[in-house]
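Dumping the structure here so I can ask a few things about it.
Chain nomenclature is as follows: A, B and C, assigned in order of appearance, with residue numbering initiated at 1 for each chain independently.
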Amino acid sequence: MSAPATAVSGAIEKSPGYWAGVGRRFRRDPVAMLALCLVLGLILMALLAPWVAPADPYRASMLRRLRPIGTPGFLLGTDELGRDMLSRLIHGARLSLLMGVTPVFIAFFVGSAIGITAGYIGGTVNTVLMRTIDVFFAFPSVLLAIALSGALGAGIFNGLLSLTVVFIPPIARIAESVTTAVRKIEYVEAARASGASAFTIVRVHVLGNVIGPIFVYATGLISVSLILASGLSFLGLGVKPPEPEWGLMLNTLRNAIYVQPWVAALPGLMIFITSVSFNLLSDGLRSAMDLKA
Amino acid sequence: MSTTPVASASPPGPLLSITGLTKHFPLKGGLLGGRKGVVRAVDGISFDVAEGETLGIVGESGCGKSTTARLMVDLIRPDAGDIRLGGRRLGHDMSVRDMRRQVQMVFQDSYASLNPRLTMEDAIAFGPMVNGMSEQAAVACAHELLHKVGLEPRRFAGRYPHELSGGQRQRVNIARALAFSPKVVILDEAVSALDKSVEAQVLNLLCDLKAELGLTYIFISHDLNVVRYMSDRVMVMYLGEVAEIGPVDALYSNPSHPYSRALLAAMPSMDPDRRTHEAPLQGDPPNPINPPSGCRFHTRCKLVDDVCSRQSPGLYLQEQKGHLAACHIAIPGSGHKHAGQAS
Amino acid sequence: MLIYILRRVIYAIPVAFGVSVVCFMLVYISPGDPLTSILPPDASAQLQAEMRRIYGFDRPLPVQYGLWLMKILQGDLGTSIATGRPVAQELGKALGNTLMLAVLATLIGFILGSLFGFVAGYFHNSWIDKLASFISIIGVSVPHYWLGMVLVIIFSVQLNWLPATGAGPGGSDAWKWNWEHVKHLILPAVTMSVIPMGIVARTVRALVADILSQEFITGLAAKGLLDRGIFGHVVKNAAPTALAVMGLQLGYLLGGSILIETVFSWPGTGFLLGQAIFQRDLPLLQGTILVLALFFVTLNLIVDVIQTMLDPRVQRS
């Protein structure tokens, strides 16, 4: 362009972008909105736990052990050490959500980076990266999480580390698969024919088109991560007593099922509700994104 | 975007010169995924394109037209052969980056050619920005190009691909190619997917742009009528090789190569008195993995002779007709029983 | 196609090696001296020295891996710290128990899941579909160890119909297929079947809905094929993928049985694993994980091959 060009005077008509369309469709889906409210509610509850919970979750009393639901002052009963169940459940949301969401969050970034790189560069790099990922895929996720946790030892950090390692391979795989598909489409070819660097092409053309499916897949993994994380605590790995965490609470209350069965079942109910909410949220997101914008 | 007359500025000789271009795709198979054979997509083709002309390329599917196009913009690396632009050799006197600024391509699938997440102005502005232009200038350039291809910037610059029709998208693709101020634009089946009426509009646009900007086109299509309308010269490809190349009117009215003849005879005519009585071309094109020996067309040729299976004919310039044909019949003294007979 | 099968088998070998490397490394990522991981704390100095020599702890890592691998290939999976018995022996018994449970659970999950999925897909977008989808979402979201507890509460504690734990009188060593023993199998198997059921239901529903919406079905209906004919056709087209999913679920159950087996004290590999973790019995942990993972790899391989043989469209390059 030798002569300097001037842009059109006055505003151009701007169409709403892709994500705006997704948001609109999502808002119209009642189930998805309900799930969103539930998830936000749970997160809020976790963040505001010290202010929302009626009692101290650590305060034990041997006199008040295993009271049933509806006991005055202890709305959802007490656990095997006399601690208020309601407060422990509310506080438990913090660790349970943390252990559930964080590994997927980290794995999303690491896995996407690995997968997109492998998918775009292709060739030997792709083969090496994906075969290494395949080795981890050779383990059923529960087994791998337990193997790593078992070897590393109990503790929150070890639990987070194991779970992150468990979730990186599936995300990397999806990322590689979607990137490889997008790479073959003509607009990427056209971008390559423009002389742009690989990095620029990935940033402008590839990323926007692959992030969506990967993100939806990752949100679908959150419920699995929640169940797995609580499962680790249930087995004695992961969170250690006296911290309130739903899976750990199920563990310590196991023998109480003969005395106060419904109190003992409460933590699991929380895991269940949270897991269903995240699943419905993920499904709603997928529906909102599936149709062409 | 210069509008100076072409003749005064350019050196003599062809603008684009292709020599011996070859691309074989490896076939994976076997136990360890090793090579099982090659697909000889393009096998040593050579041709020139003069500045300001439109060269049409025709042929059946799988003849190597699209591969040739991609080789010319380095989307695929050739195994052998030279590409020269304005006398400068790609890879030696000229970098790939330089060439990409001068040779641009428009693809067949108008929807897949555009990033669904980018607005039209962003899509067009991407190229200039990559080449160093500021965002503001690039967007302004994009608006001007939209105007040039007949899409009002106020209405179209902020839109997404799915909101445009096929014809409109293809105009955007053309604008995008022009954003580089290229000398050569390769149109790979660019209008094939459009409705006929829209196709006519886009073709007219292409002709106008060519005249205004002094462009050189390479027009690839399987539609012989459109090629005749658009091209100055035409090249017929068969199974990765050039069968015939010459001025379009001369070639269409008097083709030398039996394949060109069959191809042109296969064009249905609007004249009810000129009905086709038998299929001019028998059978399916043979496999590019294992092409026939000698002249690749000899297995389907009605005028085949012994020499055809033994020896591959090179392109031979027929002085009287002005086109080059790769056929033993055209080469006097080749050993073919009809050799040297102009028909 | 034989070439594909052979290639798939060959491809599985480096994966198996990779798996063994990961298992090998488990001992090393564990805190502390590897020697304390494989020997009880009160082992004699002489025994420690001997172990050091056998395992080669003072040798470079790749050499240690080689030594370990050779022992594995000879069938020696090490000795459990807690019981003193060879790991292979402990595993053998436990594996049988888990297989029993897992196979039963997979069958239940597959049958019920296919039923739900088929009905949902056949009447897709109707209320039946929504209901079935809802149920399958629940199936996938429920923490199965909690579900086990709930079932125990209902059927053992409250109703006293079924036992809560264990594998029956005489334990797993004296297993017989009588009610006394089988009643111990019911709750764990049902609990275990929920997740596969959810996944199979989802998959089958998608398959059936997809097949029914394809144009060739309209063609069949136009030809006057009765509902039964279409049914058979749908089954034929959906079967390969559904079976593949079932096979994979079996693999997951085998590997992931630890949670359910812990809840029900079912003496399977998962229970063994739980004990190994609790007692920090690393040879047992390592050996069990290695065997389970290799089982999974083999199962994947078999499923892949069978799927290729059944479905001519699955042509891998």
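Everything that follows uses one rule, which is that contacts are C-beta pairs under 8 Å (C-beta built on N, C-alpha and C of every residue); 3 or more make two chains touch, one makes a residue touch a chain.
Quick caveat: nothing in here was measured; it's all calculated off a predicted structure.
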Farthest chain (mean CA position) relative to chain A: B
Central chain of the complex, centres being mean CA coordinates: A
Chain A and chain B, separation of their C-alpha mean positions in angstrom: 50
Geometric centre distance via CA averages, chain C-chain A, whole Å: 23
CA centroid of chain B to CA centroid of chain C, Å: 56
Shared interface positions of chain C, touching two or more other chains: none
Junction residues of chain B, two or more chains touched: none
Residues within chain A bordering two or more other chains: none
Contact footprint of chain C on chain A as seen in their complex: 131-132, 134-136, 138-143, 146-153, 223, 227, 230-231, 234-237, 247, 250, 254, 257-258, 261-262, 264-265, 267-269, 271-272, 275-276, 279-280, 283
Chain B - residues contacting chain A, complex: 1-2, 70, 73-75, 96-97, 100-101, 104-105, 107, 109, 112-119, 121, 123, 126-128, 130-131, 133, 136-137, 139-141, 143-144, 153-155, 157-160, 162-163, 173, 176, 179-181
Chain A contact footprint on chain C (complex, rising order): 14-16, 18-19, 21-23, 26-27, 29-31, 137-138, 140-147, 149-150, 152-153, 157-158, 251-252, 254-256, 258-259, 262-263, 273-274, 276-278, 282, 285, 289, 292-293, 296-297, 300
Residues of chain A that touch chain B when the two form their complex: 1-8, 10, 12-15, 17-18, 185-187, 189-196, 200, 204-205, 208-209, 292-293
